[in-house]
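In what comes next, subunit A is part of two complexes: it sits with subunit B in the first one and with subunit C in the second one.
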Partner chain A sequence: MLPTAAFDRYLHGESLIHRLDPRVKLVVTMLFIVSNLLLPDGAWLAFLAAGGFLLLGARLAHLPPGYLLRRSVLALPFALAAVTVLFSQTGQPLWAFRLGAWTLAVSDAGLLRFASILARSLLSVQMAILLTVTTSFPDLMHGLRHLRVPGVLVAIIGFMYRYLFVLADEASRLLRARAARSAAPAAGQAGGSVIWRARVAGSMVGQLFLRSYERNERVYNAMLARGYRGQLLTMNPHVMTARDWLAGLAAVLLLAAIQLAGRLAA
Partner chain B sequence: MPVQHLQPAPATTAEPEPTLAVRDLHFTYPDGTAALRGVSLSVAAGEKVALVGPNGAGKSTLMLHLNGLLGEPQDGSAPITVAGLPVTRPNLPLIRARVGMVFQNPDDQLFSPTVFDDVAFGPLHMGLPEAEVRERVARDLALVGMSEVAGRMSHHLSLGQKKRVSIATVLSMDPEILVLDEPSAGLDPRARRSLIALLAELPQTMLVASHDLQLVRQLLPRTIVMDEGRVVADGPTSTLLADTDLLEAHGLAG
Partner chain C sequence: MFLASAQLHIPDGFLSLLIAAFAWLLALIAVAAAVRRAQATLDERLVPLAGVMAAFIFAGQMINFPVAGGTSGHLIGATLAAIVLGPWLGILVMTAVIALQALLFQDGGLVAMGANILVMGVIPALVGYGLYRLVAGRGRRVALLGAGIAAWLSVVAAALLTALFLGFSNTVSFAIVVPVMLGIHALIGLGEALITVGALSFIRAARPQLLERSAAVAGRGWIAGGLVVTLLVVLLSPFASSFPDGLEWVAGKTGFLANAQDAPYELLPDYTIPLLGETALSTIAAGLLGALLVAVVSLLAARALRSRSAERSH
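Coming up: the complex of A and B.
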């Protein structure tokens, strides 16, 4: 069984952030990310303010300090995709090295841009993490649906979440079955050639696909049996309260101030 | 050839209109497997019927047919009627609300993000107003004793809890007939006993496929034995399950 508890350890908090309407949280998260993208390079004061906004959110959600930062490290390798801007911007060369026939020079403009991209992505990822640790998955989906995200897309996300664990359990059962029969002779090495092993692994992946495919048919039958006719219907358990509107408004104002600060400083 | 066992034909006079009638149903899967070779049966309102037989006898195929899940016969005939309605494409929305189908694996039955959403799925798709949907979800979760898990993900439930929630997901459609596939499979003795107690309280007409002959004895006064795509015996449970030759011939004797 997958340790699902690791996924929603902080989900059942009762903080202000936890109780906010998921729509507000989704919209604020999106605005926060867009705001980060719009900030000019090198607007450090504004990036700092955005970090403060994030910390405020984490504080209000009663998350342990440093929690968001630790989780966001996972996304760091993706930010490294931007490493080429270090070399591609024209500006004052700071440091150069030779790579075979090429000379690569790190320019000051490149460094500025790279650091800004890193700041943007770290801030944005942490905000997304804050959203998902304080909002249960069903709430998040209801929020998406209310925000007019196409129903099919939301349904696909929902099925993914529902069957991710079922599928992971199935995979771990397959692995266990293989392990249970992977005995080694008392002397010598276990298993056949690499090619043979690869073939076993390949057929396990195939097995998993077939099982998922068959499950797909059974689930579809179960949906039809309960009246599904091509249109997925759900209920709306959320009502915007004055507190939700206020919190949303405050967040939007703060983000506007951050934008303003970034523009004025630049 | 399956062995034919003579059973007294049910009296045709004074018989109430059957809730479920199947007349000479044949079905062959696209891969050529002949799953049903002429099944006929009739179930009166309020009857509790067991469907027993070895693996591959055609029980599950028959059950899928009761909800029109395997398509209609090509020749335009309608060999199945549910509550007076022939199972044809235009009737399917009505039929599916009247026949509550509970699949064997609750992970197939429970596909929604939360337990609440799953129980609400049927009534919502029947087009009921939200207030009534909420009412039915509350009523049926209470009936199966699962009110306190309404907001949870079904992944976090035990198998016994999942089975109970699965039953609530069809009760919320107010079906006339409950069709259950292996309701007790995989349950530990205590969960199994409490599930049997729950089923005993439900007033609906029931058709239950099961290998659990003890459950059949306790819960279902009438038994239909299937083998190789045919009904080979149909009669009172107490008589049929005492017939060791019959059980032996159809792989039911343990």
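Coming up: the complex of A and C.
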């Protein structure tokens, strides 16, 4: 299930990074991820420098040490898929082993590629986490608005965020009701076949859908009654200050230096 | 746990910049069209409807059912959204879900988001809705069966597209990941198909006019679109196997390739047709043959079901 703590990872704080304009943080995050993608394989110095950039950000945001790394395990399932790249690159075989009828050989080029992919994804995920934990969700939405993401789309995402909690509660009530109705013997199979169980879950989803749909109708009528005409308004002006420009510029220069280091060293 | 987390969201760092940018371009076109079309039909209703429905998909993913051995299946919901809300609104809703999951939970990357929107939003709208539209007006059983097949196919097509994105980024080995991804998601797709059919039959019974409305919002072009994408997926797969691959390199060295050919269960050895030799053409032909087989079987099943339901109404 979704623990309540997982819903909002924003950590309150009064740091330079917290106060930075959300659009600066969004743009720098995107540039950081793109910069990692642009670095050639095996540019360890540059990857290290990018890690330093990340550490600097975490330090400025007063995050506990190791916080970002602990949260970055999310990319692991895909790292599992990327393991296969070890065997798919042509190069000097380093190590071969038998797996049933297959013989797999790890090549040096494969190892280099895999380690680079892992470095890129770890760095990128941690940067996205840094963005999330230092920017409140409404600020993030305003940042997207200012970055010319279509207002309708931003409003939809904002609405989704608002009703996430309500509908997640609704879903847990359905699950609790099912659990209350279902008794399971200590041993052996409980309930009907897998197909039957799936259909029960399907009916629950259908019920949740109808409840959500009816809620949307009520919400829409309530909005109309309060003068909604298709635009969501905000009272936060979000003006870029000199400090925001400076921080953004510094970040871009650092990223350019990292790129340069990666290109020269390679 | 692995099943539950296998939602096909690609994190950053696994796609090359070129692939990610290309996917973003396609996703932007699709989302822009979806915004325009959905706004034209819904006007100021759009924001609350799409927002609440996106939250529904997110909450719906919490509803699970025990499968076996401690694993559980749960809804992905993309096909359900496309069928119930129509393809344009479905794309918008899934885009909101993907954006929020990336921004709030780092479930899926930011630069990789374009690819995720294509995989989770556009593919289900095309394959799921397109194939469902093909059978939607033909009685309850056929429509529900069609929805199930559409849900299964869209999960499998999404998995294949993910594998292709990763493979073209040179992040994974095609020879291992394509079959593994397809195998896992052929199973996940079964759960998705069952839940989607269950949810649809519930909605059909409780509020049938909702489904009629969604069928009216999009033209028949989606049927052609769904068929074209299914075909494209087939045509793309030969590229997946034409890259020099370490597994095959090793296999060639150890003479394993010679042994691998005569596996008893291989209907189309190495996805090629023996007569045509080992060319891209042969792989395409094999893929087409497979797709044709699936199409014929589903058509026959649909026809049988239809005649049976016709008999009953006499």
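Heads up, the rule we're going with is that the second predicted complex is superposed on the first by the 216 of 266 C-alpha atoms of A that agree within 3 Å, B and C clash if a C-alpha of one lies under 4 Å from a C-alpha of the other, contacts with A are read in each partner's own complex, and residues count from 1 in each chain.
The working rule: contacts are C-beta pairs under 8 Å (C-beta built on N, C-alpha and C of every residue); 3 or more make two chains touch, one makes a residue touch a chain.
Keep in mind it's a predicted model, so treat the numbers as computed, not measured.
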Query - Touched partner set for A:Pro138, first subunit B, second subunit C, both or neither - result: first
Report task. Would you check which partner chain A:Tyr228 touches, where first means subunit B only, second means subunit C only, and both and neither mean what they say? Result -> both
Report task. Applying the touch criterion given at the start, work out whether A:Val200 contacts subunit B, subunit C, both or neither, answering first, second, both or neither. Result -> second
Query - Superposed model, subunit A: greater residue contact from subunit B or subunit C - result: C
Query raised in the report: So, does A:Gln92 touch the first partner subunit B, the second partner subunit C, both, or neither?
Result: neither
Query raised in the report: Thinking of the overlay built on chain A, is A:Thr241 touched by subunit B (first), by subunit C (second), by both, or by neither?
Result: neither
**Report entry** Touching partner for A:Leu175 - first (subunit B), second (subunit C), both, neither
**Finding:** second
Requested in this report: Would you mind listing the overlap between the subunit B footprint and the subunit C footprint on subunit A?
Outcome: 137, 158-159, 161-163, 166, 215, 219, 223, 228-229
Report summary line: Touching subunit A in the complex, subunit C uses residues 2, 5-6, 10-17, 20, 31-32, 35, 39, 43-56, 58-60, 62-68, 73-75, 77, 80, 84, 92-93, 95-97, 99-100, 102-107, 109-111, 166, 170-177, 180-181, 191, 194-203, 206-207, 210, 243-247, 249-251, 254, 256, 259
Query - subunit B-facing residues of subunit A, complex - result: 4, 137-138, 141, 158-159, 161-163, 165-166, 215, 218-219, 221-229, 233-236
Query raised in the report: Contact residues on subunit A for subunit C in the complex?
Result: 1-2, 6-9, 29-30, 33-34, 36-38, 71-72, 74-75, 77-78, 81-82, 84-90, 96, 101-105, 107, 110, 113, 117-125, 128-129, 132, 137, 140, 150, 152-153, 155-164, 166-168, 170-172, 174-175, 191, 194-195, 197-210, 212-213, 215-216, 219-220, 223, 228-230, 232
Report task. Show which residues of subunit B lie in contact with subunit A when the two form their complex. Result -> 64, 67, 69, 93, 96-97, 99, 101, 103, 105, 107-109, 111-114, 117, 120-122, 124-126, 130, 133-134, 153-156, 169-170, 173
